[in-house]
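What follows is a pair of complexes built around chain A, which joins chain B in one and chain C in the other.
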Partner chain A sequence: MSSGNLFKATVNEYLEGLPRNVQSKLYEAPATCLSIFRLLPPMAKFYIMSMLFNEQSVALRDLDRWCKPSAKKLQYESLKRLKSLHLIEDDKLANHIQLNKTFRQNFRDCLTGSQDSNAFGTLCVAVDKHKVDIAFLDTFASSKWETILHFMVGTESTATPSKSVLSLLRSGGLMEGHASSLKITNTGFQFLLQDVNVQIWTLLLQYLNLTQELNMDPVDVLNFLFMLGSLELGKSYMVSSLSATQVSMLADLRDYGLVYQRSDSSGRFYPTRLATTLTSDSAALKTPSMALEQTLQTTDENDNPQPTEAPSSSQGSIIVETNFKIYSYSNSPLEIAILNLFVHLRTRFANMVCGQITRESIRKALYNGITADQIIKFLETHAHPQMQLLAKEKLDKKIEFDASHNINTAGGAPQSKGSDSNVQQHKLEILPPNIVDQIKLWQLELDRIQTFDGYLFKDFSTQQEFEILSNYASEVGVLIWSDKTKKKFFITEGGLDQVKNYANRKFK
Partner chain B sequence: MDAISDRTFKDDIYQEGTSDDPSLLTVILDLSPSGWYNIKDQITINELVKSILVFLNAHLSLNNSNQVAFIASSLNGSKFLYPNPGRDYDKVQTTVNGNNDENMVDDTFNSTTYINKGMYRQFRLVDEAVLEELNAYVKEIASNIDLKKQNTTLSGALSMALSYTNRMLTLDQSITTTTGSAINSTTNSTASDNNNNSSTTTSNSVNSMKSRILIISASDEDDVKYIPIMNSIFAAQKMKLSIDIVKLGYQDSSYLQQASDATNGIYLHIIDPKGIIQFLTTAFFIEPSIREYIILPTNSNVNYRASCFITGKSVDLGYVCSVCLCIMSVIPENKSCPACRSQFDPKILAQLTQTPAVVAKKKRKLDTNGNTATPTTSTPS
Partner chain C sequence: MLRASRGVLVQCDPSIRALILQIDNERPGIVLEELDDSHLLIKQDKIDVVKDELNKLLSKNIYNPFEEE
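Entry: the complex of A and B
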């Protein structure tokens, strides 16, 4: 789920960066409250929920008591997130916190169902003359989105996306050059490796930046995006219930394949799967090349349609062997172009390509800013069903072995000591573990030196004083380095306030 | 190999710990009339259901792919109120659509008036279905109360919840559940699923779904069926799902306590259920994903009583079969174990049934010279 977190991180960063008054205006829309809530980490969700129906403010000390000591770091991170979104506010009483009033009211309304009937879009009542079903919406969305991706890798014979898309790609730094000869950048390559969800959000955030320049109200724009996330696939909604800004957005969103509107003047719009899964986890989505294959399939199967059938689960095409050879049964130019980023491709046949993962090929990718995790994730999600089957069988055997011998062979690796209490579980290993480790090791080769911004604490008068503070810092997870004999330790930039406050409380 | 323990490797593990996987919540509402009658001054079912619906909505709001199930259990049997395979959730939707149309108002059935139409669709589907089915269910209970049947069917409801959970875990439909009607379509398409089983199961096991069960019970009688409940508890343990218990009424229920204790669940006996929503959104809102980080608000003082295999009553002091560990409060009449049929030794039975010779004992104690032949033979039994 690393890429899922990545997308959450980008959206959250943007939201956190908004000025406070914009944030509190955002919380006036129930749909937005719901979406923002969904983007929070689990612990933060729990905090919000526990304060939602509680009129009184909660003491910080009580929050401490709910968590096990080992979860200090999680707790600290969730509270920090909530504070930067201004979802919780400090009370007049010291060390007490309270939920943002507007947020509390609107989120409560959303749960109890007492909000405006307009909050989640207005369904079209009349039957559409031009019937639109889910399969059509899927095809529409993926063809739109594929056009953009194909254009980026420079596939011949693809249509050029609309002007607004091109300007987005350029301003986002994904492509560079003049309008006639756009070339993909390193960031663009990274972009290709992401999940669809991450890709969409990257573009949408770019779009948000543009709208600010065009003097559109960011609150209106964001509300609309979040509302799209809570609409229902296959239903049409009234254009008339939208604000003027939102109506003007429709045309752009249509270009990205997020909504379908038959014509500019049409009074209704359909959200596509790309839109309805905006705020959900990545599991609900397909990766680009899968989407393409599905479109091909659905066009093939148009003769014998299967109406309610949701798109069948992913069909990957990549086989990775333990000797670093890689085969891909695909002739999608997009997938080959992506593979070419980190694989030394050797031969190409009518229906497959084969290549080799080498140190050089991976390093080339790493220099381009692609991370090992991204590569691994990509290979995993695109693995051939046969590989998944094999991995599943292996896993079953391992579990069976453990069960019959009453031992746990998982977590034999040395690092598992740290993650104490819970029993290690076997993981599904789709890729050969030696490949995964080697790719990670190649990445580690590159960053032997890491730099951090932060603060050094030194000149402690007593050993005890040093230990109290450094222990606290490591508990909240901001400690980077410490040396007992020299009585010095180093913490991250963000952790300074926390440690300082603690020191003030402790040593006064 | 130091590098293995370095940052890039550690990050993976850390993220796994806090993963935000979709989860399934199954609520079992025990509607046995006597229990609710006893606490009629405190809370009505009506008020409670309002809180439960908000709680269900809250669970759905956590994650787009989160799911809920709702089971009602009473003396007449248990029933799935949501999801209900016989019900077409899309149809409800269209009638609601029609409701906007002024001509159609008369035709629509009254269910649509329960819930605000503007409610988030995912919430509304669940809430409407639960309310409508619950109404029908309560009416059904009221119309044919059978006074002879006194046992609650909680154990049955629990097994239903477990089997449903199991099905959801193996089928994991997080891909199709973005819309509320998914369950409906899957029940229709189970036949087709079987055909390409091999390919679907492989991809499904990759992203796991978490689950838990919440039981709300007001029944003060402690005569639930012991063995089915214990079996369900062990099944739950094996599936690694926790059973949380909201106990209303006046007395603790030892079996429910054991259920939550054995499955790392939460048991709370709520004496004043007026503000139950606050309980539901704090103590009972601990998702499986954060459960290991939170100190559970549960009482460690559990009564591990067992119940007699013969009479069904709970036992404080009783007999145990030496072969199968079956528990009895009385000695069976046919002198054999009710579970494994092994014959008991008549000699030992004779000793057990022996009435203590009180007078004789007193005499022996006075008699210090030591006529100890009889007491030594009887003590080891």
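Entry: the complex of A and C
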């Protein structure tokens, strides 16, 4: 769903939105060059790599030859990204491009290992008297991060995060209200369901905005963040090699669990997994798992810091009936808060809550960007053991029935429609199938109309003219709909200028 | 002569298309062009009206378990 993208790709957008002189200052740091490179899509990486050691500028025509005609759209997007980052520049020669000089130099240095020895932080050579291992860092990072998340959903008995975190949450619109009675917002809920990496970046970008108000140099701040992304987990680094701005950031980053420092005056800091995975695709503390499931599972993955919470989630507690009623034997406020996202909760008892799934409650969740699959997955993974037992019994019976009658009834089951295998297999149906189908139907109902803003091209004088233009539009990826016989096609709003220019060049 | 006109492309199934055309019948000036079985071109500022009306029409037939209690 589109609203799910609310937090995605924000780092890239932020970088693209920076003024050009700030960008070029950023490219002076090798660690930043490497991180930015890591954030690019594969095609853009390929272009950079092929131009990196090439002193000459490259003709745009050659770029076209490097990729298949079918990949025009990808190429167009990659070039657009590179241009807005000012990584590639137009050469004096028309239709030639070349890599940004500063970036080229520093990225080369960083690949060939000839960069400034300080570029990726300075390792502490002396042995730490209070040495910490990776497991400790992981626990530290997740407990810090969990504190923030738990605070957001209002889990009782969790510590309140530090002031700087609170002001971030507020300025990011994730929570609202006064300091004593902060409430989570809609955006905040969305935020909770994101992958950790996305969550961190969301907060860090907020942080960047704040630092600008505090007159901290954004280049310094960004460089530090990107450098953190290139450090090695489990090693300690010297505080003394950092700039004054960066040292002052350490305290904040410690609050988010990105770095560990034993005390304020300690001369060394350890990056945690949250920091070292900032710019990589590999998973942070948790895999980019399904959002709902993830928020809850974090409690049992890290059951050391909060042992009281673990039992409810490691063992399912939810019972779903065929009449859309839901019972959850859980005391975890986090779980109840999540249920409240898509269930109409009606009564709460000492050890359970009950509620009902309604069209409205599911629609509310869907509007908030949660998908039907997420809801189903969540209910399945947290189903009460009794439900799983029942489902297994049913499955065994079905298989036995099939075997004794030598037939296969699974083919008719609505659940197994999509299965590719010729021999239909029975699936374990933990949730009542009618509930699963209905939730999916409700989602489909929302998607019944799709709208696109844009322009309709019509009244072409010749078929050829139509084809030239519509082919071009589909090549650059702005075509949404076309009809050959009626000689009409529809393009996105952003594509108008391009198609218009092309038409003017071609036909006049 | 080639022309480009601004609008919102609506992609939907034929049943919804019929509903939109019905709405257009009642308050003309919404649909600019009928493109094919599943596409309509709609005036840009009317898209919210269409969505509202559609919602109303569609939720007529929904059972709400809380209403009878």
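Structure notes:
FYI, the second predicted complex is superposed on the first by the 308 of 508 C-alpha atoms of A that agree within 3 Å, B and C clash if a C-alpha of one lies under 4 Å from a C-alpha of the other, contacts with A are read in each partner's own complex, and residues count from 1 in each chain.
Here is the rule we go by: contacts are C-beta pairs under 8 Å (C-beta built on N, C-alpha and C of every residue); 3 or more make two chains touch, one makes a residue touch a chain.
Worth saying up front: this structure is predicted, and the values here are computed from it rather than measured.
In the superposition on chain A, A:Phe37 contacts chain B only, with no contact to chain C.
Of the two partner chains placed by superposition, only chain C is touched by A:Gly454; chain B is not.
Shared-chain residue A:Ser404: touches no atom of chain B or chain C. Within the superposed three-chain model, A:Ala372 lies in touch with chain B and out of touch with chain C [touch as defined at top]. Contacts of A:Phe490 after superposition: chain C is touched, whereas chain B is not reached.
Once the two complexes are laid over each other on the shared chain, residue contacts for A:Thr462 go to neither chain B nor chain C.
Residue contacts after overlaying the shared chain place A:Leu111 against chain B, while chain C stays out of touching range. One of chain B and chain C touches more residues of chain A, and that partner is B. Within the superposed three-chain model, A:Lys440 lies in touch with chain B and out of touch with chain C [touch as defined at top]. When the two complexes are laid over each other on chain A, chain A has residues 450 in contact with both chain B and chain C. In the complex of the two chains, the chain C residues touching chain A come out as 1-13, 16, 20, 33, 35-36, 39, 41-42, 44, 47, 50-51, 54, 58, 62, 64-66. Contact residues of chain A toward chain C in the complex are 324, 344, 356, 358-360, 445, 448-461, 465, 480-481, 483, 486, 488, 490, 496, 500, 503, 507. On the side of chain A, the complex with chain B involves touching residues 1-2, 5, 30-31, 34, 37-38, 41-43, 45-46, 49-50, 52-54, 65-68, 70-71, 74-75, 110-120, 123, 125, 230, 232-234, 276-277, 279-281, 283-284, 308-310, 312-314, 372-373, 385, 388-389, 391-392, 395, 413-415, 418-419, 421-422, 428, 430, 437, 440-441, 443-444, 450. For chain B in complex with chain A, the touching residues are 1, 3-13, 15, 17-20, 22, 54, 57-58, 61-65, 97-98, 100-101, 115-121, 123-124, 127, 174-176, 178-179, 182, 185, 188-189, 192, 196, 198-207, 277-278, 281-282, 285-287, 289-290, 292-295.
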